[in-house]
Structures are given as C-alpha cells and as structure tokens.
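The next part holds the structures, each set out as structure tokens.
Two complexes come next, and they have one chain in common, chain A, joined by chain B in the first and chain C in the second.
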Partner chain A sequence: MKWIIQHLFAVTLVGAASFGVASAQEQPIKFGLLQDFTAVYTFVSGEYNQGQRDYLTLINQEGGVEGHKFEAIVRDTGNQPQRGIEAYNRAKEEGAILFDFLSTPVSRALVDSVLKDKVVMITPVHGRGDASDGEVFHYVFPTMATYWSQATVLAKYIEDHGGLEGKRIALVHIDSPFGREPLPVLQDLAAEKKFELKAFGYPSPGNEQSAVWSEVRRFRPDSVLIWGAGGGQPVSVREAIRNGIPAENIFSVVWLAETDAKNVGADIMKGVKRFEAVSTGTDTPILQRIKAKVIEPGLGAGDATHVGTSYYNIGVATMAVAVEAARNALKSEGAPLTGEKLKAGFEQIKDFSAEGLMPAITITAKDHQGGGAGRVSQWNGQAWEPVSDWGSAYQELVQKEITKGSQAFKEGK
Partner chain B sequence: MFYRIAGVYHTRYDKARALWPVPADRWQITVVVIFALAAPFLLSDLYLGSYALPWLIWSAATLSLTLLMGLAGQLHFGFAAVMAIGAYTSIHLARFGVPFEFALLGAGIASAAIGALFGAAALRVKGLYLVMATLAMQYLVDWVINNVPAISGGAQATLRTPPSSFLLISLESLEVRYYLALAWAVLLAIFFMNVKRTSFGRALVAIRDKDFAAAVIGIDPFRYKLLAFFTSSFVGGVTGALLAFCYYRAVTPEQFGFNVSIQLVAMVLVGGLGSIIGGFLGAGFVLLIPIILTNLVSGLAASGFLTVSSNLLAHLPLMIYGALIIGFLVFEPLGLAKIYDNIRKYFLVWPFRHSRS
Partner chain C sequence: MSYFIELIINGALTGLMYSLVAIGFVLIYKSAGVPNLAQGAVVMTAAYVVWLLAALGLHIVVAIILGTVLMFGFGLLTERLLLRRMVGQPIIMIVMLTLGLEILLRGIGPGLLGAAPKSIDLGIGLSPIIIGDIFINRAYLVGGVVALALIGAALLFFQTRLGIKLRAVSDDHVSSWAVGISVERAVGISWGIAGMSAVAAGVLWGSVQGVDWTLSTLLFPAVAVAILGGIDSIWGVLIGGLLVGILGSVIPGYLDAIVGGGTRDVVTSLIILLTIMIRPYGILGREDIERI
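After this line comes the complex of A and B, so read on.
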C-alpha cells in the first residue's frame, strides 16, 4: 500500500513538475481556484469557475498585465475541509498567491492558515461577513456585498416600495450558520424601523419545506426573504407561491439564478426578486470582449451557453477585481508579486466597476468589503431585470456586526 | 523463506502470547515505526501536514469505531457526532483555562457518557434498527451544535483552538502535532491488539456472534454492550479532540457532519471489520485516494494527456474512486486487511503454494 502511494506521489509530482517547467518561462501570476465541483456547491461552481477562467484567458489573450500572464490552478475539494487543506498547501507550494474556495467549510478551516501564510483569500458574495474588517482579517477580502449587506439592500428596497413600519416580514432560511447569518442585522433593523420580523428555519438540504411554509402562511407576511442556496431555493419559491404569497413579495439572497427559474417554471416565477451584486447578461463591455476573444476562437473553459448567466458573471467580476488588484500591485510594488504585494494592490482599488459590470467598489485597509453595494433585480419570465439602482443601505448596522464579529475573532474566539 | 517460521519454537507461555510471535513480523513493524518516527525529516510540510497527520488521526478514529463495529458487532452510523462531542468539549474546556491534557480527558468522558446513553438503544434494538438509533444521535448532536450558539461559537459558528501545549511542549509546530497524533494512533493500536486478548474482548466477540448464546454462557450482554459503547466513544472523543487541536485548529459543525460518519463507516468496511492494520489501510484509502486521484487526473490534464471537459475532469476522480471501491470489494469482500493477510500468507510458505489457513 505504502509502495503504491509513494509511486502515485511520484507520478503526481512528475506531472506537476512538468507542468511547472512548461510555464516557468513567462512567470505567470497564479491564482488557486480550489472549489467544490462535486458535492454541495455544484449549483454555482461550474458556471462561476468558468467565468473566472474565461476572464483570465481574456486578460492573457490581451497580453496580460504589464506582460504578466495569469494562471488558474483549479482543483476539486468536494466541500471537505481536509481536501481543501491539502489543495491549499499544494497550490501554495506551486506559487499561488490568491485563493478562492467558494465553500464555507473549507474557507473557515483555512482562515487562520491564510492569515499566517500571508496570501490573499477572496470570499466574494459568500463567506464570513466579519472578514470585511481589514484591520483584523488582513488577508481576507469579501470584495463584494456580504450576506449582511445583501439583507440590508433587500430591506431598503422593501422600505422604498411601501415602507417597513408595521409590516410583517418573514425570513425563511436554511437551518445552518449561513441561513441564520442575516438575522442579527435584520433584527436590529426591525427594532429601528418598527416592523415585525419572524425567522423560519427549514432543515438542510431543503428538499422538503412544506411544514415550514404552512407556518409562514399563518404568519401572513407582507414580504418574504428566502435565504438558501442550491436545490432548496426553487423549493422555497414553489412552496411560497403555493401558499398564496404573491411572487412580487418574494425576495431572495444572491443565490437564485436562471436554472432555478427553469426548475420552478419560468412563468410561475415571474415577479420574484433577488439581490444581485453583478449585472447579468452579455451587454457589458467585458462580456462582449470575452465573447469575441475567448468564446469565438474556442478558448472558453466550458459550455458557451453559460456565458452571461448570473453565476458566470459573478465569476468574471471576482477575477476582474483580482486582476485589477494585481495591476495596482505591479504598478506600486513591482514584480514578482507576493501575497503581501497583492494585498496592498487590493487595498488600492478605488471606484472600480469592471466597466459597468458591477457597482463601483472601493477597498481600503479598513474596509475589505468594498462598500457593500448591490441592487434588486426581478425575474421577468425570460431574464433578470434590474428594478433598482446600484447602492448600499444601512451600512452602520452592518458595520456594527462586522466590529462585533471581528473583535470576537481578535480575542481568539 | 521470508518469514522463516520453521525453527521458531515457543518454549515459554509469554513468548507464545507475544503480540508478534514471528520475527519477520517484528522486523516489518520496526521498519514501519522507524519510518513513522522519521517522517518529519523525510517528508515536506505538504505531505506531513496534509497526508500523514490526517491519516494518523483518521486511523485512530477508524480504530475507535472498529472496536464497536468489528469487535462488538454494534453498527454505529453517528460516530462523527461522538467525535464532535469530544472536539467541542475539549475546545470549550481549553478556552476555559483547563490544561490540554485534562481537556482531552474531559473530551473522552463527555463523549463516552453521551455515546453510552445513545448506545443504550443497542440493548433493545439490533442491526438496521440500531443504525437508525445512531443516525438519530448524529442528527440530534448536529442540531444541538447548530442551534446553541454557546456551543457552536456564535454567528460564524467557528471556534479556534487556543494556543495549548501537551506535557509542556507547545502544539504550535507541525512536527509536535504529528508526533502527538502518532503517539495516540500507536497507543490505540496497541490497546486494540490487547483488548482482543482479554476476557472483555472475548465477551464482545461472543456478543457479536450471537448475543443469546453469549448470555447462556454467562456474559451479561447489557453490561458488555454498554461497555463497548463507552470505550469506543471515549477513544472516539479523544480522537475528535486531537482532530480539532492537531489538524483543523478550528472547529465548525460541518467537520463532523453526517457525511463524515459515513466516511468513517466506509473506512472500517474498506479496511476490514475488526482489524488493526485494516483501520490504517481503510483510513488511508478513504481519506487519501480521492486527493491523490484528483491531483493525478489534474496533472494528466495539465500535461495534455487527457482532454475532457472541466466538468468531467472534476468527476473523473470520483468515478475511478467508486470503481476502485467496487473492485476491491469484489476482489476481496473482507477488505484491505484481508488482502494484506492473503499476501502475508502467500509469503509465509513461499516457495510452496498453500498455507494451512
């Protein structure tokens, strides 16, 4: 057994080594995209990762950043912390300076390692909200609206369209830390704006929610926030509509996409709203360039029909931010890039909107979230249509939670 | 030829009762132990920290479970919950200021108490029904951890291990943590080998084979089933604490989810029920083969030998892994330990063809 394992190691090493030699001449900047392609996050990671790789290909096709090309190290972690740890250590040895795990268990298990090893970890639209505090989490960058900011943007939309005072708002969430994450912010907001908030948790993974929704119906909510991901989301929407909640009053966290609309029925879901951090479709300049320079020459990383979908575009935006940070770092700190230089590059990002793909973000040494802006979009039967402008809301409440969480982390909790 | 058993005469009882009566086995064990002790000097941090260390801890977990499943014949599908109780108890005790050595002990006691409580179900139900009872334990413990912020650690549900030391040696460095895990795995292996030779171990085997028959010959099934659950949960709890302190260094609920329980059962079954070497081999197989296959397939794809879509590329290691498990089980249903045993028996009489057993 030991013999077999050692030989497998050797073969793997030879494979990795020959790979390293082939690309060593150009000194590429390496990003570790070590995500879950086979277990829980499959609903997003395929399209998301495809967007990330296509954007890096686009940058490489256009000549890189000041002559530096980018290379993505893509590995499956199966959402298992021990596999994530192995993949992280290996990619780190191969020279990766930025990591994106897109998995709560894996990123949680690696926060300490990342801080110690001084490499950048991005947790766009997911991951822990308190990592927005750059003075505690030096190397963790949410870069986009965290779940707390997503909740406040949705609440602000409800307030602007009919007010919050005296209303009954239900939060129907998956019963996990992720599902409960928006609660503290919404509770603070409920006290401030005097609306009635009630949380309803359904058991993971959320394929069966009928018991919860009959309780929700008895509560007679004016608006419902659904907070889940993957297979649970279409079930939530279907159950909500079956329980007589008008589609217009359903608001979702960022994880609701075209596939979910297809599963629920594109017509039935008409009117449902969701938070979005990145615009959908292929109308923005970057997406046009990806189509012309990556997809048409056949360099795309996957199925061309995914281009422009919600999760694909989020992937593109994450890499747009990362490449912008690398550009800043190369300009101000010089090559070769390290995790520390890349961190400095991130903190110089100012009013960056990826040519209109997303709201302008400004990342500072204190604020790693970049403002927490987003907008609300509505399913119109064929596509997601924005119904509000880019903006953030009640960031002082979010900031309160960030400080609370990051202080606790600092004290070693 | 290799084992040279001809001429080995046991003239004294303690020689005949030795753990390894055949000198060739002792040599093999010595070589493995020397390798294990020298590993921090032979392996890079990557292989030490991401392969050898988790392998040892999961082997310890597999041994804990195989005591219950292999020896006593009581199926347990919630062993990750037992480890979770150990991990959470130890981390809360350590944060409260209790020295790590006592936190480990506390972890074992808490796991043993709760594990034996659920094990009490085993006094009434058997087989698949016991699986249901232990599954209930898994889900109950998961639910409690998820829903009591005082246990899980608040909104982010992540608890970091405080800086701690074992017998005055700080656990900060990877080598120390490796040696601690190694010591625990070796201790458990020796304990397990000896348990099989005690009246306790024989009582468990009797209960596994037929509990009425065991009762007829004077073994109290009530006492021994509870003791089996107690012992196995105790060592499982300590292993959970070591997993938290030596490997993850932060505990979150997902580290002890239902899928981890299933993986542990798979480690026991693939390795071979009730076998010690099977515990190590099974843990290595279930834990490391997916990682190695993923790297191998990605390496092949990167060097251009394999041109498939990225979706298939991600699932290819899983397909090979599944085929490997089926292949091993068809080839030898009694697990990797039996394959080792067959090889050993072949060489025992080599160059002749057949061994006696």
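After this line comes the complex of A and C, so read on.
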C-alpha cells in the first residue's frame, strides 16, 4: 500500500512537473507588429509584414524555439502616434514583449514608454539612428544599418569606383526629418574627402519634383543620392533620367524596390543603384524553407508573388534577428521570456547572418545597430543584382552622430 | 535666363495638371455649392479603376474609356446615395461628409487592391523635349494639352442646353425648381462629370508617379487653383492653374537653394491665404452681394 502511495505521489509530481513544462512550452512568445497599413508607409508595410508573419509561421512549423511558438499581434496604426500608443498598450496587456512600428513618428512617440516598460522595440532600416547607442536607448534596437550608415555605404561605393575628391554629389531628398537625416554625415564626409555636396529638398509626398530637378541638372552632379520613399521615389528616378543624369549615377536609400522599377519602367531604370540591407530573391536557405513549409502548404500571410521581393525579405530578416534573440534569451535566461530577458538575448547576437540572408551582425550592450553593414545593388532590368560585398563604412562619422543624438536625448532635448 | 524660362514652362504645365484635379472641384461647387474635399480621393479612385481594368487585360485606351463611364456612374451614385440625403443640412455637415468620403476612399482603394504603388503606362517617353538649354517634361506637356482640352470642353458644355440648366441651378436652386429644372438631376450630373474629369487627372498623374494613396494629396494644390482662379469659374481653373504652377515652380526654384528646403507648399499655402484675405472670390469668381 505504502509502495502504491509513494509511486502515485511520484507519478503525480512528474505529471505536475510535465504539465508545468507543457504549459510553459505552449505559451507563445508574442511580438507586436503594429504598423501603418493605411497611410504613409503603405508602399512597404504590406510586403514587410507578410515576410515577418511568414517567417514566424516557418519557425512555428519547425516546432518553435525550445518548444515555444511565436504569435504575431498585427494592428494598423495609420502612422498616427495616438493610435500607435493605443495599439501598444493593448498589445502589451496581451503579453507582447517586442514591438515593431515601422513608422518613425510612432516609434519616436513610444521610445519613453518602451524604456519605462522594459519591452523591446526594433527599428530596422528606419529611424531613429541615435537609438544605436544601447547605453542610452536600452530597449531600442535598430538591428540593421541606420540611414547614416546607408549614406556612408553608398559614399564608400562611389569612392571605390572613381573617387570622391573634387566630385559633385547631389542629395535630392524629401523635405522631412527622414530626408534630411543623411546630411550631417555626408557633410562631414564632404569636408574630409573634399567633394562638393549640395542638398535639394522637395515637398512631401514627392509626386511633383520638376523644378527641383531643373536645379539639380544645372549643378551638374557626378552622382545623385535620392532619399525618399513610396511614390516619390519613381518620380525622382524619372526626373533624374529625364534631366540627363545617367541611371548608373543614381543611388538610392534602401526604399527603392521592384514595384518602383515597374512604375519607372523596368528597362528605363536599368543601372540605378541602391543601398541593400538584405538579399533579395529566394535563393537563400530561409527563403527556400519558407517556400517549402509555408507557401506551398498554403500557410502564407499574403500574395505568394511577394515572396523574395526586397521588402518581404527585409521583413523576414527582422524576425530572423528577433527569433535569434529569443533563442539566446531562452538559453541564457530561461522561460518565460520578458522584455528584459529578450533585450539580453539581442545583446548576445554575434555574427548572425540569417543563413546568408543579410550581412553578419553583432549586437552588444553598446551597439544596438549591429555594425551598420549593407551593400550596393543595381537594377539589371529584371532584378536587383549585388555590385559590392557586405560591409560598413566610415562608422566613426556615424558614431559621432549617434553620440550627438543620444546625448541630446539623455539631456531631454 | 534659360533656367528661369524652364521653371516657367514646366511650372505652367504642372499647374495645368493641377487644373485637371481642380476642374472637378469647381464643377461640383458651381452646380451644388458644395466644396468637395473628396475630389483628391476621387482622382485616386479613378486611377485605381483604370489600373484595374488595364490589369484585367484591357488596352489602356479601352480601360480609360470604360473607366470614364464607371466614374461617371460613381459620381451619380455618390450624389444619389450621400449628398441628396443632406439637402437642407448645414453646409458644414456636407463638407464633413465629403471629408469622411475622402477618408473612406483612401482606405478602400489601397485596402482592396494592395498598398504598393501600381503602374499605368501611357507610352509617353521619358526623354524631354529639348530647346536650347531648356528641358520640357513630355508627360506634363501631354497633361497640359489634356487639361486645356477639358477646360475648353467644360466651357462649351456650359453653352449647351444641359449646361445652361446647370448654370441656372448654380445661380439659384429654388428659382430653378420654380421653372421646372430638376435640381437633383443637375447636381447628380455635375458629380458624374467631376468623376469623369477625375479619370484624366488620375491617369495622367498616375502615369507620372504610380497609383497609390498619395494621389489624394493632389487636393491641396487643386484647392489653391480653385480659390485663386475663382471657385465657381471654369476660366478661373485655367488662370489659377497657370499661376499656382508657375509661382510654385519659380519661387522655390530660387528660394530653396537659399533656405535649404522645399518651399513649394509654403507658396501654395500663401496663395490660399492671401487670396482669401484680399479677394475672397478669386480672380474670376463671382462676387455675391446679398441684400440684407
């Protein structure tokens, strides 16, 4: 009898323990993908968010991480800070520990909240650049090249292909904080490398730029950097070509994609270059697995033709980094995950390239940008083709801006 | 000097492109007395309709013709289902209704058809027309010609029997009813025509920048054109378009380099403010004097 009671007790304990483990394993890790699907960022958010959700589905299909599956909380903020704050509060109550707003105004409005609430906010390939300083912005992770780093990578490419000294570089930008963001690093670089830099702003959203480009043409630039997004970008490319600037001399911020090439004319845009944060196409192992395990079984989050496009792949890469951080956190900190544990997981990411999808990044407690690497790719008439290796450039200039911005934030400016 | 001339020519053509949007705004105001704040979104909707028809395999010319018919119907329906219910309501509520319609259309188009910019190819080459050191934008030149043709057609239309009825309606709804003119029908037709003109604006602007929600932002310069030219004047659309386009090109062309930013929106805003303060009925608008 005693034996039976002892064994029953043991079985109950194991059972209870197993149930506890099972409960923990069944608890999903929640990410709040609270983005702008209806206003300013619509040119990117659909494909980007689709890539994010498809990657999380892939991880779930493969059994999750340490038994934990992932859940995406997707809501529209309309690029409005007040709606973003409301969506953030709801998602936080539902247990989200990571947030991606893909909106500079919403991200900026919520910086103080995420720092106070100790949950992670990622800001890949968009603002704010000074959040790369992890010692000030403890819970904000750009995780990919900021606009400053994108500008320096493009400048390095121009330097490596004909030099910068004595050249004329035009920065044609949307007249907004985003459009003006690369100016300080380019001005520093112009002083250091002795080239002439001139900025030309056009009003948002950029659907009419003819007067600006008449002025750009008269500046006779050797290279033109276009710094806009959405509908303004094909207008910039068209106006540049119309004003006799060779396509090969046009360089774009990361926001120039396949749809823009279609709008400009796939052949006309041949030769235009851009900063690339993530590989395009479906040749990389992760994209192959997404096709096999998510798209083919019909589990995809959207139009299958988007798989492998620029913005889709950026979305995939953002979640690959986030899941890697969760993996690190579960290993070193244990379940259940919290924002604090996830932050620690991000800061353990070392030489992570998402199986070749992106440049290897290393995130530390000090550097939340991850190195600021990228490459230059060129439109060949059908697709984007890399024309440089992954790498970063002039990070000392970028660091100067990061420190300046983060100190100002610290001082409450 | 050539820079100045280029700014004037391209500015004038751009202004005529704005006139394409403004003409729909003026038509509705002229007949119904309603400032239609949804006209930018109607332009966007027209562009989406033509893009959709072309994407279904129709030749672009057929798509534009069919799109024009559909947008006429859209205008009629908008008046019938929304505006007619508002008869007798305060004008501020009618304006709010058009604002609501604008937000609704801006959500529905990208929501149903995807937010990525769509392409409309009209086959207009990118190479500019070069005269000396002056580059003239070929797409805007086509847009300018279409705008002139539409303004001419609108002027002729108001000489026809139906056009005269619309003018009577714009003068006085009650008197028009008294002489047997169907005011509701006349206002409906003006909404339909505004829908048709939106096709020209949507297709031409869509071919330049792609079709997405940002087409709806054309309302702002179009309102400046209508206010400056005279909110109830078809000739005013022409004059206002040319002035808004030229001022919005020449002033930023010289000022941007000095202040380091895009001043065109500032110029457009000043045009609206100064016109309302100095000549509220615009250059060619009718000044209503009421006996009290």
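Criterion: the second predicted complex is superposed on the first by the 388 of 413 C-alpha atoms of A that agree within 3 Å, B and C clash if a C-alpha of one lies under 4 Å from a C-alpha of the other, contacts with A are read in each partner's own complex, and residues count from 1 in each chain.
The rule is simple: a residue touches a chain if its C-beta (ideal position, glycine included) is under 8 Å from a C-beta of that chain, and two chains touch if they have at least 3 such contacts.
This is a predicted model, so every value here is computed, not measured.
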item	value
Partner chain in contact with A:D260 - chain B first, chain C second, else both or neither	second
Touching partner for A:R108 - first (chain B), second (chain C), both, neither	first
Which of chain B and chain C A:G46 touches, first, second, both or neither	both
Which of chain B and chain C A:T38 touches, first, second, both or neither	both
Chain B versus chain C as contact partner of A:P177, first or second or both or neither	first
Which partner reaches more residues of chain A (counting touched residues only), chain B or chain C	B
Chain B and chain C contact sites that coincide on chain A, given as residue numbers	37-38, 46, 175
Complex contacts: residues of chain A adjacent to chain B	1, 5, 8-9, 11-12, 14-16, 18-19, 22, 37-38, 46, 49-50, 53, 74-76, 78-79, 81-83, 85-87, 89-90, 93, 104-105, 108-109, 111-112, 128-130, 175-177, 180-181, 184, 301-302, 401, 405, 408-409, 412-413
Contact set on chain A toward chain C in their complex	37-39, 42-43, 45-47, 175, 199-208, 210-212, 214-215, 217-218, 230-232, 234-235, 238, 241-244, 259-260, 262-263, 265, 268, 303
Complex contacts: residues of chain B adjacent to chain A	44-47, 49-51, 54, 95, 146-147, 152-160, 162, 247-250, 252-255, 281, 284, 287-288, 290-292, 294-296, 298-300, 302-303, 309-311, 314-315, 317-318, 336, 340
Chain C residues within the chain A interface of the complex	3, 6-7, 10-11, 14, 17, 106-107, 110-111, 114-119, 121, 126-128, 135, 137-138, 140, 205, 208-210, 212-215, 217-218, 248-250, 252-253, 256-257, 260-262, 264-265
